[in-house]
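Think of it as A, B, C and D in the order they're written, each chain with its own count starting at 1.
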Amino acid sequence: MTRFLARRLVTTALTLLGIVVVVFFVVRVLPGDAAVLRAGPYADAERLAQVRADYGLDKPLYEQFLSYMGGIFHGDLGTSTVSGGSVASELFSRLPASLEIGLYAVLLACLIGIPMGVLAAAHRGGWLDRIVRLGVIAASSMAMFWLGLLLIYFFFYRLGWFPAPIARLPADVGPPRHVTGLYTLDALLTGQAGLAWTVARSLMLPVLTLTVALVAPVMKIVRQSMIETLGSDYVRTARAMGVPERHILMRDGLRNALLPVVTAIGIVFGYMLGGNIIVETLFAWPGIGRYAYQSIQNNDLEALQGFVILVGVMYVLLNVVIDICYRLIDPRISVGGKARS
Amino acid sequence: MSAEAAAVTGTTASRTNLRSLWGVVREHPMATVGVLLLVLFALAALLGPLFVGDPLKTNPAHALEAPSGHRLFGTDRYGRDVFTRAVVAARLDLVVGIVIAGLATAVGSLIGVAAGYFGGAFDEIVMRVTDIVLAFPGFVLALILVAVLGDSVPNVVVAVAIAYTPYFIRLTRARALAEREREYVDAAALAGNRRWQIAYRHVLPNSLSPAFTQAALVAGWAVLDVAGLAFLGIGIQPPRAEWGVMVAEGANDFLTGAWWTALFPGALIVLLAMGFQLIGDDLQGGEK
Amino acid sequence: MTLLSVRGLYKTYGSGASSLPAVRGVDLELGRGETLALVGESGCGKSSTARVVVGLARPTSGSVLLNGENLHERLHDRTVRRQAQMVFQHPDQSLNPHFTVGRTIAEPARLLDDGGKGDVEARVVEALRTVGLGPEYLKRRSRELSGGQQQRVAIARALICDPELVVLDEPTASLDQSVRSRVVALLRQLQSERQVGYLFISHDLTTVRRLADRVAVMYLGRIVEIAPTEELFEDPQHPYTKALLAAAPIADPRRRNKVVPLAGETPSPARLPVGCAFQDRCPLVHDVCRTHQPLLEPSSRLHDVECFAVPTPAALAGVQSGER
Amino acid sequence: MSLLDVRGLSLGIAGREELLRDVNLTLEAGEVMGIVGESGSGKTMTALALLGLLPPSMEIRSGTATVEGRTVLEAGARRVHRASGDMTMIFQNPRGALNPTMRVGAQVGRVLRVVRGKTRAEAAAEAVALLRRVGISGAERVAKAYPHQLSGGMCQRVVIAMALAYRPRVLIADEPTTGLDVTVQAQIFELLRELVDETGCGVLFITHDLAAVADMCDRVSVLYGGQLMETATTVEMFEQPKHPYTQFLLESLKPEDQQGEVQAADAGVDFSLPGCRFAHRCPHVFDRCAAFPPLVETNDKHLYSCFLGQEKSLDAAQCSRSV
């Protein structure tokens, strides 16, 4: 385990370094003059020179990189061209809004996807299985921006069940006191059940949209790995020894099928981090995804670069945690060191 | 043999062909739907532009007209015919999906097989690089690449293909690692093949099947990604006829009641993606 | 002149703390037209030996001489390389599923023989005929053949360049009983026609007795006994050989095994004890077995045994000469 | 009444040809009956059908099976309720037969709990005792191990301990030593023999290895292409085989120079043909072989399924009879 951790730590550090290098150089080396991008297409030569000096673009590339790298270690992701504020602090102030949609969507996707995947596998070939398979295909072919529009059209424009897709809260409501930054939690923690409900109503449509995108991989992987374990030799042995099907489903089936699902959660988070750009843009949700969208609209490369690095780092660290969890759960790897082959 | 007899055997032959075709259809109902969808889109892409007018022609007098027998999908806020634009866009979206999947499959498989078969330092480097690329959610990676490369169709295609390539590298590498241990590889070495010959003649062809299966699914996702980027205003730009662009352009009118502006192009994106997904699902073993 | 001569062969996988010694000092000689069987249980190193002998793996130390030439120094020399071929254990895996039978058999002829030497097509048909298959098989692929037919194709591929040595790695293990005896018959017939030497790897003693001229028994990377086939089966000397022969069931219901010959299982090669590797399972274990490695010594003419308990004067002399 | 009585068992993939046709088997208490056949003979399918473990694509066309008179299998029924303690099975690939994420003691204990209604504590203690019973030294330590930490032979012992926990009247052993070393195989055979003597259960011993049959079995049934070819005591089967297929199989064991003239073509089975499944390879094939041969009895323990040697067909058979 220690050796694994050591190796994992080294590769993770390499990957994190790689992320920064790739993003930094992609933004600077690829075609397109960074100074022009920053100053805008109509800037004159004098203005361009000014921008170059301001952002250190006149220095050699490696110096720029080293100073950017140094900044990262102090939690500095550069300065936004548009707002002039710190990219890091702008991102972190928006992070809770993104996490609130993302975490609920992942949670919901698991709550729906895992039982459905298990049931489909247990009744393989039956009507429920067919519905689940069709559901997986439909959900993984869904264009999120279009689905979001449809939901807004029906539930806000036609039925008026949910508030306008303009922010985390209706215009006349103030946020709860800041505890975690997740409004639903904060409202409940400060004992404002009514506010929690108001917040939840604004959350529902974006969460639902994102959930549709996330539920497909969960269902698919759960179903597949469940089918694999239920067809395994050890399940056959358990059946031959008279162990009841219900017991097999939970102890042999689900327990072993969930191992790959743990890894799948990592993939789902990746979908979530990519999908939130579209969802947040659509629902005018003030999270990091919309921040990325706005930075593209404004040619604010420094901000976009900060967003991509933040997302990459979060994703890599999450996968490290998942990897370690996996090692702890699976006796084949955690007990007695190296598994025999 | 008389002409009549020949005709009779001809029809029985075609009948058995039909029957076996029907058998395939019955065993793979979902994939059949997928193939039919793709055939429809391919026809629209090939022939559609011959039958509809100019997708860019505006007509302010007929802005935001609801669908009717004359204008099947209605008109948008500039009075452009939504049906015409949707048909013309089929070619772009279909080709973009297929080219992205093809590029990612070809490049990814070659790198993957080489890494898996030769191993060593090359493999280590490839794995570290894919680790880094996979550290970005695919959509985010494509987004920043287009943002930097600039908005154009080829740039979007390359960006999205780059985002999917690591998946194919991983897939074929794992398969090549398994194939490398099979006896026919040893037999090939004894037959006098050099290492690159074994990799190219023996391991590569036997390592491609998972990549081909995945390619169908990726084609579907690529369509969604390109449209999603276009919806955000990245990559393919208005006024070009592209479904994601059309949904974006129609979004505001959609939410004020002109539902046809965004409904139809969005539905077409989903149907095209679904065509690829249905086939990919079947290739992956369907029920299994 | 001997065809194959293996000298002091060691093969270790991995390095450092996790290294696995698969072969630990093997010496072998094989003559033209002779069959030497290498028998033993899983993990005894017989397959590793085979892979090194045929040039698929490099020895950690020691050498493999083929007609007096060092195989591993001349691996890129086609004239040397074509002399050693191999038939594998899993006929369904040893044929490239994308190749036709014709292309499979032709490959060594095209790559190893000097270009243009004879008509490859005709040689492939001839090779097919010698293994009992007609030219109609040329266009078929591996999945269209039965296990026995696949193995015949593999044999044709191994023989098309007229090698002098063929390593047979459990060639009948995955075949059904009725097919097995025909493949064995084919191998014998081809050997008598071509004077090819066989190194026959197997754990199936019945087939070994039928095919081999001499038998070497391996245990944990070392040859513990080597003798002419009938002598080994009739008069085994090493306690492990005795146990192995006693453990194999005989296809005669009137001659049943009454006693279990050996307790325990082969230990992992990663944790070998000092001295004889068989000490913990050996009924004749002696103090000296726990401190010294016995060496292969002749117990009678053509019969070598590696055991302190076997009364050969040389074995005792080996101890007295100190740590070797 | 036999301990296990299988009558007229036929199986097939739904909507396709029959893979197993009209198989009859009996097994007495304390008896080891070998079921021999090459790959594709249907020996494992028979066993899975008896336990209700057939893959979903397979259906039981006809036949019944009883254990001590209790019905355990009926045509049409996917799965007949098995009274606990009737019948269980051990498989080849023992390492795969154990749940990789469950300690082996718990896997033995689980059978004791769900089949025999023991409490958790009782089951844990008895599981260790069973592991000791199957010859595992240091049973307390092994009970806490995971399967990947044990050797193949040890895993098979654990599976046998699970079977013992089940206390079956009938134990089906499907190639239990395939992939194990020959010295370990001898140990497992010895263990199985002891268990039969001790518990008096009957064993169906499925194998492709005739030597293992000679070593282990009291009686043998030979399957080919899903057809029961011959049933006899082991000694009679080896010394006086009646069916051409059995003769051919036994001949193939001998060195070539001693093999008789019984030869057979190397070809797969065509399951769609109505007649004898061995007909297309049989050196003695004649016109009646196009029909399915019934089982003929030569004495009360020796049955075979062939028209050769049946009195009524002598006239037709004489032209090709040579053995």
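What we mean here is this: a residue touches a chain if its C-beta (ideal position, glycine included) is under 8 Å from a C-beta of that chain, and two chains touch if they have at least 3 such contacts.
This structure is a prediction, so every number in the text was calculated from the model and none was measured.
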On a CA-centroid basis, which chain has its centre farthest from chain C's? A
Using the average of all C-alpha atoms in each chain as its centre, how far is it in Å between chain B and chain D? 50
Intercentroid distance (Cα basis), chain D paired with chain C, Å: 33
Centre-to-centre distance between chain C and chain A (centres being mean Cα positions), rounded to whole Å: 56
Which chain C residues reach two or more other chains? none
Flagged in chain D as touching 2+ other chains are none
Can you list the chain B residues in contact with two or more other chains? none
Can you tell me, using the touch rule above, whether these chains form a line, ring, star, complete graph or other shape? ring
Going by the touch rule stated at the top, which chains touch which? A-B, A-D, B-C, C-D
With touch defined as at the start, can you tell me which chain A residues reach chain B in the complex? 11, 14-15, 18-19, 22-23, 26-27, 30-32, 124-125, 129, 133-134, 136-138, 140-146, 149-150, 152-153, 156-157, 227, 270-271, 273-275, 277-278, 281, 292-293, 296-297, 301, 304-305, 307-308, 311-312, 315-316
If we count contacts the way the header does, which residues on chain A are in touch with chain D in the complex? 124-125, 232-234, 236-244, 247, 251-252, 255-256, 259, 330-332, 335-336, 339-340
Chain C partner, complex, touching residues on chain B are 182-184, 186-193, 202, 205-206
In the complex, chain C touches chain B at residues 51, 54-56, 78, 81-82, 84-86, 88-90, 93-98, 107-108, 111-112, 154, 157-158
Quick check on the complex: what are the chain D residues that touch chain C? 38-39, 151, 153-154, 181-187, 189-190, 208-217, 234-235, 238, 248-249, 252-253, 255-256, 259, 264, 266-268
